[in-house]
Amino acid sequence: MSPAEFFAMNGYGFYVWGSYGVALLVIGIEIALVRHKRTITLRQLRMERDAGEEQ
Amino acid sequence: MTRCANATGAVTSKLSLFGLFGLVIRRDLLLAMRRRADVLTTLVFFVMVVSLFPLGVGPEMDMLRKMAPGVVWVAALLASMLSLGRMFSADYLDGTLEQMLLAPQSLSMLVLGKIVAHWMLSGLPLVLIAPVLGLQFDMPAQALWVLILVLLLGTPILSMIGAIGAALTLGLRGGGVLVSLLVLPLCIPVLIFGTGAVEAVNTGMTIVPHVALLGALLLLALVFTPWVTAQALRISME
Amino acid sequence: MAINWFKYSAPTAFYGLAGKMIPWFAVPAAVLFMVGMYIGFFVAPTDAIQSEAYRIIFIHVPASILSMFIYLIMAGYAALGLIFNTRLSSMMATALAPTGALFAFISLWTGALWGKPMWGAWWVWDARLTSELILLFLYLGFIALQSSIEDPRRADRAGALLAIVGSVNVPIIYFSVKWWNTLHQGATIKFTGTSMHVAMQQAMFIMLLACWLYVIAVTLARVRSIILERERNTQWVNELKEVRS
Amino acid sequence: MLEVSNLACARGDHQLFSGLSFSLEAGELMQVQGENGSGKTSLLRTLCGFMQPIAGEIRWRGQNIHELDESYYAEMVYLGHLNAIKDELNALENLHISAGLSGCAVDEQAALSALRRMGLRRREHLPVKVLSQGQRRRVALSRLLVGNAHLWILDEPLTALDVGAVGLMQELIGEHLSKGGMVIFTTHQPLQVAGVQTRQLVLS
């Protein structure tokens, strides 16, 4: 089975790869969002702490 | 019997559970009488939404007859969403809701009173006007009667499920849109059985299972939703 | 070795524990995902009726199963938080919701892409599809309600009540849609009884496991941020090395 | 009668006070003091059972108020910042409803005399929306005159009241205490009841 045949999925390539592609994409987005959220939260906490120390 | 002896020396009697239930209903109806515009707005909205459909899809009678029950039900759903925002918010803003939470009777019963009043002011008018709208869609007489019957059974459920949403979103910004987002998915069974019964009579089938299921949903809602709404109110008032 | 589980029900202790546990779930999730994909695409044979298109089930079925289970688990955690006033369970419920919505979305999306070549339509008003759509709405309602309430305690409790009401309603909705569907002949879908090849079952099972592990890992990661946010005024948060640096 | 032990309250994630203990017996008057944001209103709302304390217990006649629930509510009355009266209704209708919500059916005569005592003579049948702020507060306060609550929980009862009405309130509180009632209140104005020692509770 050649790679081209494999990706064609017997004519169903669009549906199969469309499913897996989008699934992986949204999971990737979720992971990025969770990481981003953590960065923001930590930054926020540091800023609040610094503001508290200056007082 | 316990008596309420007050500071002025007069003696008054203690209100029973049903006395309180009646008081809440009478109060809401009295308030609605003094603010008639609110009730009329909901009704006009309902009539307008239903009337827009023939203009949108064309005046073909066969198609209109077929979609009439669905259109009436969806419009009823939207109209009841419209009036849900008012269910508790006025009482919340002026402090009456605090006093309701402090009533020496079951809060669920008071909530049920408010739900009944809400239905009488927003659901019942829709039921009464529905036959006129049915005629707009050229519904046969038999189907009209069934429509009235299922609306009578179904609109109280909408008020009850809506009460939970209204209680949860009390005092939140954008509460009106939020309450629709929370409540509409939960109302789908009512929509399905409500339209199903009318379709059944149109196709000459029995309406009994639809009506029985709607009745069962009504009973289920009657048992659980006042209590859930009471809990939601306590959460929102904290 | 006896572990004091009760100790970890406090956000303080759980924060550290969750941090240590994440790689133990994330790495196996990634490995199992690759293994599942390999078996699914190279070992499992072509289906006689559905040809290659059936390979979508390796992601579609786990996503559908998980979207339902996550809702139940979320409602369970929310109920625990409501009844026993344990803050960590409420935080877990909040952390689970976005992932549940995500899997409901994946399930709908892959279902549509599977349905088009198989049934000739992107969408049919089948009981399963409709319930999945409503499930997505319920997730979105839960997230919207919680994010519009400022007070975290009220958000927890209001969300919990909504989640419980929703979980009671899902079966009612499922059966009403199912029944509605049998009345409207034509739209009913029968899954043709092809017996599943062993490799297909293996691939699906491994993918399901991978998804479970992923859900746990990502939820733990999310709940850590929630804990930090909610406990921001406490001493221990300010003493964490990631906050101090 | 009312015992509070080791109470701690929070608003959101912010702790207001903790370790608060006191008890209130029949005939006692207690004023809650503290700066803005010290949790005076939260304490009163916790006593009403609106808010769940994060620690501690509130007991009425020896039982936790959350277990007593409705039978506790039958014996207390709460007056908050909000008047709980409807603009569209008149003073008499408002009083009937607020008395009804506290579990009492008041007859016409008793309601009228309560309103008159509050200085609302000839305003009984006017819609509340035409009354002044002070008069509305009087309508709300007239709720204290009907019903048989032992415990009065008053949050800033003197807001918007004139000198005459403040005097009247002192008189009413005095009468209530002399009959074995209890009052717990917050105020920014001085409130003295003749012959009764006001206990002070300071939140910091």
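The chains carry the letters A, B, C and D, assigned in the order they are written, with residues numbered from 1 in each.
We adopt the following convention: contacts are C-beta pairs under 8 Å (C-beta built on N, C-alpha and C of every residue); 3 or more make two chains touch, one makes a residue touch a chain.
All figures in this text were calculated on a predicted structure; none of them were measured in a lab.
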item	value
Most centrally placed chain - per-chain CA mean versus overall CA mean	B
Highest-count interface - the chain pair sharing the most C-beta contacts	B-D
Euclidean distance of C-alpha centroids - chain B vs chain D, Å	34
Chain C-chain D separation of Cα centroids, rounded to whole Å	48
Chain centre separation (chain B, chain C; CA means) in Å	33
Chain centre separation (chain A, chain D; CA means) in Å	55
Junction residues of chain C - those touching two or more other chains	151, 153, 232
Multi-chain contact residues (two or more partners), chain D	52
All pairs of touching chains, each written as two labels joined by a dash	A-C, B-C, B-D, C-D
Touching residues (chain side chain B, partner chain C) in the complex	164, 168-169, 172-175, 178, 181-182, 184-186, 188-189, 192-193, 196, 199-200, 213, 217, 224, 228, 231-232, 235-236, 238
Contact footprint of chain D on chain B as seen in their complex	3-8, 10-15, 19-20, 23, 27, 30-31, 34-35, 93-96, 98-106, 234, 237-238
Partner chain C, residues of chain A touching it in the complex	6, 9-12, 15-16, 18-20, 22-23, 26-27, 30-31, 34-35, 37-38, 41-42, 44-46, 48-49
Residues on chain C engaged by chain A in the complex (per definition of touch)	41, 46, 51-53, 55-56, 59-60, 63, 98-99, 102, 105-106, 109-110, 113-114, 116-117, 214, 218, 221-222, 224-225, 228-229, 232, 237-238, 242-243
For the chain D and chain C complex, residues of the former touching the latter	10-14, 52
